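Heads up, the next two complexes both have chain A, just with different partners, chain B and then chain C.
And now, the complex of A and B:
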């Protein structure tokens, strides 16, 4: 484990019923960096994410957060950990019966003793951050999928988390919105020093934002390293994975931007 | 021989599943009650639920009460007139409604109307990852979603039962006295003499118990919609809703017998 790893995964093996979905995962998540976990659908990346946010119990293997054994966390320790994290779910997971502002106010209202007016202003600031100013009184059902996802991100950021987990940020988004979201994630890392863990199968976005990339295949870590190291990998499966999706995609920054301009 | 072993294995697996389910149901009850002493207490949400469970059920409960009272008036008159004791009609109608039919039928109607809706709402929250999102925000989903509904139901159901009782007794009066010509004085006097505080008390205790059963089962079914299958879709919500109504209704009928035998 590197000294500055905020989370360390040691030998994590996971099951759904009798089906083994993760095999002996070993991975360190460096502090203040963007770690992207990528792989094809069904490779176990979302399951890994659910372990990291404590939604799936670890039956075999260990997770360490700041050097402390996650499996030994009691209810209070888990609660403290969860106050340090923000999670953007694949669907956005907004509460349907509340407006966007109320959605973002939920964690603030429960965990802080701030005045209602302060909470309202903070919620508006978070909405502005994700480019949704003026939509504070909209219900989630009145928004597009991309807007719901961004609102979900605003809620995940409500408590200024130290670690941000993002599940499939760009799935279902148009290229421009997806690029905006990528840029926002990088900004959050750079300006607030957030540790960000992104689960995705979008190669382009992964190579653009990642400091560390982990390629998962059938529940195993196939390759781990910086984007350059992954690109240079000679592992046939990694090469196949990258080629399969990279056929019509360039991973070079300038052509990525050109692609965006064309799409616009 | 192998078939025999397979049969025993599948029986054992089934028994373990059922036992696990029972354990989870018990824990859910514990968390629901624990929510009474934990934040977030949401006064406004409780008021909204009282409106949803109580006010919105007034019509259906009143309607059921009216027709139950009317049919009791008819049947009671027919039976009592065989013994020449039509004068007892008031006490027969009042006692059967206050002790039995009022609490049971009200609870069954409210389960059909509000219990199913609550189950569906929680089921949708489950499949849309909203319950996961609450957990990740370090908010106790039981205290946030289930306990306020319990408090609201404990307030609304006894009042609805009282409304049912009054409507039923008055409808019995209309049929017995005004249609069939039973003496008005003996209808009122018989009821006045035979109904004691213990009868009313039994009705209140029953409706409180039924509130707990209805909320416990309905929210449990919604809360865990699709969790066992590991498959989260509309089909799971619809199945959970059907289960919620059937199991709650059975629970109410069995509970009714048990409370009656304890209080008699």
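And now, the complex of A and C:
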């Protein structure tokens, strides 16, 4: 583990049922930097994120947060960790029965003793940050997908998290809004010293915001390094991913036909 | 967090805050500041940030509350002694102009 790593992943192997989705992942997340985990759909990047935010139990391997074994966290330590992190899920994950302002106020009301008016202003600040000023009384159902995503980010930022996890920030966003979101993530890192972990398959965004890039393939870390190091990689799979080249046709036609023709 | 009040002139008060001004300490700081602004409060309030070790957006929100209360009654709020990181927090919230803080967020720390 490097001295300035806030999180260290050591030998993480993960399963869904009997299917292995992560294979012996070893990765350090540097403090106050943006780490982008990228790879093709189904490569295990969202599963890795679920481990890091404590939504999936680690059965093999270890995670360390500030050098402490995450698997050994008791209830209090987990609570403290949850207060330190913010998560933007792909869907935005807002409460549909609440206005945007109420959505952002929930964690502040639960975790702090701040006055209602202070919380109200904080919520408005967070909405302004993500470009949603004036939408505080809107319900999530009244917003476009991209706006819901930004509102989800505002909620993830409610507690001024030390570590921000972002799952596919650009999905569903137009290029201009996506670029604004990228800029905001970098600004949050620079202004608040936030550690940001982004999962994405958007190459342009990844290279723009990352201090460190991890390329995952079939549950393994294929390449790890700075954007320049990844660009210079000669690994054929990294090159294929960066050039957006389609796979070679590998379908076994005879077994495919056999399967189609087999009686149900 | 410790908050002390000095009179710096007729109708003027200077508040010094020492320690962290964050979600854990803002409720207490707010209580003390609101008490100060109550009946016969100062016509001008200066908040000295130079001894604040760390702060978060709850501190910014509380300053917005103070600004609103003071400006609604024709009184003044002045923030002084802000370090670069504190200025950047106001800039991030796009509130630097409201508080007369001139800071370019593109500056590095």
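Descriptive notes on the structure:
Rule of thumb we're sticking to: the second predicted complex is superposed on the first by the 244 of 264 C-alpha atoms of A that agree within 3 Å, B and C clash if a C-alpha of one lies under 4 Å from a C-alpha of the other, contacts with A are read in each partner's own complex, and residues count from 1 in each chain.
Here is the rule we use: contacts are C-beta pairs under 8 Å (C-beta built on N, C-alpha and C of every residue); 3 or more make two chains touch, one makes a residue touch a chain.
Since the model is a prediction, treat every value here as computed from it, not as a measurement.
Look at A:85: by the touch rule set out above, it reaches chain B but stays clear of chain C. When the two complexes are overlaid on their common chain A, residue A:109 makes contact with chain B while staying clear of chain C. After overlaying the two complexes on the shared chain, residue contacts for A:232 are found with neither chain B nor chain C. By the touch criterion defined above, A:176 lies against neither chain B nor chain C after alignment on the C-alpha atoms of chain A.
Contacts of chain A with chain B, set against its contacts with chain C after fitting on chain A, overlap at residues 111, 159.
Residue ranges on chain B touching chain A, taken from their complex, read 39-40, 124-125, 128-130, 132-133, 135-139, 144, 230. Across the interface of their complex, chain B is touched by residues 16-17, 53-55, 79-80, 82-83, 85-87, 89-91, 93-96, 106-107, 109-111, 155, 159 of chain A.
For chain A in complex with chain C, the touching residues are 108, 111-115, 117-119, 121-122, 125-126, 128-129, 159-160, 187-188, 190-192. Those residues of chain C that touch chain A in the complex are listed here as 22-24, 26-27, 30, 56-58, 60-62, 64-65, 85, 88-89, 91-95, 105, 108-109.
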